[in-house]
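Chains: A, B, C and D, in written order; residue numbering restarts at 1 for each.
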């Protein structure tokens, strides 16, 4: 296929051949293989940062100007990766948005095959009713809305509330796998219990409620900051005591899991909370697949590919596939991370490297 | 094979044949099939009750007369099913014993393929060190010692402590699958932390510590009464609110599970805590496989096969395979149950019936 | 968000807000939700047909004009869905190509995370060496090249050979999960055994070779027409005898599976052979996810969405997600099908409907 | 518990304590631990050999004297391990019997939770109808009767036939897990097809019949000698070619597996065929769990524990748990093996050692 020297006649024959391909809706591999099958991922998505100090005022302004209700469904504004122009996607598989609900506002019920979570970087006062079970949303909490679960939101207070939405919209869109249904226009319940029913059944460590209905998705829909914080603190304390628990020096991680299967809390999205001790830094890691992080508390410096960002509470950044990532902190840092790793694991595509590509290690 | 009328000659020929079988170490099926393959289980084990008011004084007396230490290993006295004479087995698969540790006493380290748990019906002050991790034992707690985990016990107080030991000794003995090793004679640690390291890593609902070492057995070794009690209370409260959660009216059940797999907490033994609301009763249930129960708190009436027992705190009873079981209570009852159901499930032998044999239902 | 009547001032404020969004790389959900989350899949891919009588001459002409070798790697010409302009994809997840190897030609070794198979609609004489194991390619055979297996092809005859290549290139590209490596330029082996080593170990029904090396991918790399044909014939004969076996009247299906796991033969692609008895037709089916079919032998009429095609040996057609599909035949029809269903199953997105959308049935 | 020197008074007190234990149905661990929990298995079962030249004539004589029919059910004579007196068990978990069916005889239908197989060391002419599907029994074949499958046998010829029956009767008896039901007294079918329906659907390598009914047990019920022989021959030929495949030099093994799960063909019994090349010998192996072997063809010398047997066609020998096993052959040897390893694997009790105990290696 190396056509170093071709005659005019050959050129004409080739052009005719390629025109024949085009007419027949055919495309030769040999002209495209470098782009289609690069030696390592060349994502169109780029490292990107969205500052909370930018996101929140724009969401507030949208709260003043744009009503929430049936049709538009949610006052959610997506973080659009500059490398994926024309799409509202944070990465090729992950959607990240800031959602904003004004005082006493309500968002009506719907359900869809796309899987969703909410992570609350600040505030409280909203309940999300998941299949009729009212779930309080409070600072530091992770709340799940697995695929095809009806959900609606209502703000019970006189102040607004904003949070991070994460979904697999880009993945499901690419797969042409999405189904969507409206629920009733009226809210199913306006109860505001401190603890949701799913937590009362499933929120006890190592204890399975034998009489609870079986469900393919996680029966636990709320992971409270109180527990997440305690788990991270324990890992760092154990490290101080010389015991195992952290993933690397000064770096604690908990993964949010489905207590009925011990697998990821969502079928297509991995959710984790990371804590770096003051003065700690992570190894430089590459991972096949993309992720989005939101700083929960603290400050630090994040290097993604060739970019380096100083980050603080609420800042969101996207990490494209195989981009080297390093996080450093002087004062300590808590950060929420979500990624498409469950997809890579299910399809046998998992691969990570530490420090540098020479130590790259394929994992089955 | 129905030999209604046989001649003397035939009788002699048959006797010769059977003598030939015996000489060749052969046994015909047709003379034994009724015993070997009955239409439903005919266990040799019988319904049996051991009262705590009997068990505890005998254990205390053993504490005065019998030292604990290397060789005998543990001051544990097994509950021997009267239908299995000559064995120290509660059922054909399950071992149940009262173990007693005097003030300041220590039991040295060993490990074995047999799987063990401790359930504490009363008292506190003993720590069991599981693979070097000191685990406090307190009223209502379930503590695990999976197979091949080194373990040792030490009483740090001036009062004795007794508890229930459960193991799969009969099963492993029948399978000829047991291996046993002594550990050091000296205690590995005399620390007495309120919370063990395994709980600090794994005792948070739905949260997996990403950096924790992987292990085939449950990484969580302690299930605290505080959580068990809260989970049972929530199920009964949900029932009052008209929500699902209980297994039948007035009957709450939690199963102790391995948070790394969501399966049973032990490979061969299922552990559950049951709570009956005052005035409640269970359906009459038959289960293929045997179980042992210990009343934790409250009073009730238990029917096992043709036996009926009035039971109270600490009483232990054995339920043979397929024996109908009914529990009734006026004042309310909490009871711990362990069974060989994981074995039956793994081997495709699970079967239960509710109310009566006519509604018997084989389950895959 | 329904802005039925807005004042010029409001319009200006909204424009300012949207400009703010754009500057901050943000996109509101409410303007896009209908496209992002439709009530059912609205694939950009369209029903498409490529006739073998078009494909083969163009491939032959490419054989005359374009050499095969390092760089371009393979003389494969992709079937490009007209609904996905600018891409060489048959569907959003699946790549289908005709590959052509001239007399005595060789294609050098490489490997990649993308998973591949070859299906031979006609001809023979090429061996594909998969990890050094030479696998004959003959009419009706399915040959696997799972991810990261080195593979090379060589034509040992004086006649050319063409076949269908299927890969998950679009999926892996979208996920940014692809890695690619060149192997040696020289062929590893030119042996031409009738039966490959993997078949000699794994090609015996229900028999696992205990000493064979374990591998995450299917250890069996070749599925021979002789077996496929016999299995389909048996299903239709059993139907004639009144016995179960066919999926619907006159419609036999075998799925190619990994004998070490019993799951799909490839992690991301399902492969099946379908046989319709003369006069038979399928139900009209919709499936979430896309597929590509190649007629192996026979003739029929295929309806995909609003299109209807008369098809014959070698013709290839693409079925977009959720497009209704019906196949009818007078003379009988054998057709090979591959799809992205393993992806949908792994991610909990499986959904099918029979006959019409009113009987649509979500499957967990 | 080390009672080096005790006073008469102490002795009396201890005797009183032990009497109290006995009266309360309690047994102290410390007097029994050595037997209950030995450092490695001490099976009561012993190495044992049953010669085909003894088994067959006794079975033939039984055929003359004892009718087959409802009640006795089967003319099967069990091989009773001399170490397990009073039981008809080959090992603590496995039943092995020679079954004999005279010319034109029939054995009526029944089903039971116990799992069964037949292995045919010689002869043919009997069909076993498994859930109404007539399965021919021929030399070298393995035929399955999973739990709760109705089955009946009929000899269609004028000559008798004998074969080996294997079941998990001892295991299920110990677990009290057995259920048994009679079927109709009259044979369901007297058809004698060469190939059973289950083979026509499932007997094609790597091909799953999509329309076949799902079943928890293996859908394939017959493994034919033709395939087993070819698979073993291929392994030894690959060894000659320097390719992997054998488990050790000169030793080929195939495991009979469920094609719908790729797991063992039976839930509680592993079945394998072993072939030793002339002049070969196995390593000395210990396995936790017991097995029974039947020589299919050839001669050899078998060492089990302290016993050594010269064996030939049809000879059966039992290998107790953890007994060292070595097989040697001058002329070559084919042997069928069945074991309780699926039980050990399911319960986490698997352990093997090679050559000698010092190289013992616990396996998870």
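Descriptive notes on the structure:
Criterion: a residue touches a chain if its C-beta (ideal position, glycine included) is under 8 Å from a C-beta of that chain, and two chains touch if they have at least 3 such contacts.
Protein names from UniProt, one per chain: A, B, C, D = Cupin domain-containing protein.
Predicted model, so just to flag it, every value in this text is computed and none were measured.
Comparing the centres of all chains, each the average of its CA atoms, the largest separation from subunit D belongs to A. Taking each chain's centre as the mean of its C-alpha atoms, subunit A lies 29 Å from subunit C.
Between the Cα centres of subunit C and subunit D there is a gap of 43 Å. Between subunit A and subunit D, the centres computed from C-alpha atoms are 52 Å apart. Looking at subunit A, one finds that none of its residues touch two or more other chains.
Touching chain pairs in this entry, ordered by label, are A-B, A-C, B-D, C-D.
The touching residues of subunit D, when paired with subunit B in their complex, are 1-2, 10, 13-14, 17, 20-21, 24-33, 36-43, 45, 48, 50, 54-55, 58, 61-62, 65-69, 71-82, 87-88, 92-93, 97-98, 112-114, 147-148, 169, 171-181, 216-217, 267-268, 288-290, 320-322, 340, 342-344, 346-349, 351, 362, 364. Those residues of subunit D that touch subunit C in the complex are listed here as 197, 200-213, 218, 220, 223, 227-228, 230-231, 234-235, 237-238, 243-248, 251-262, 265, 272.
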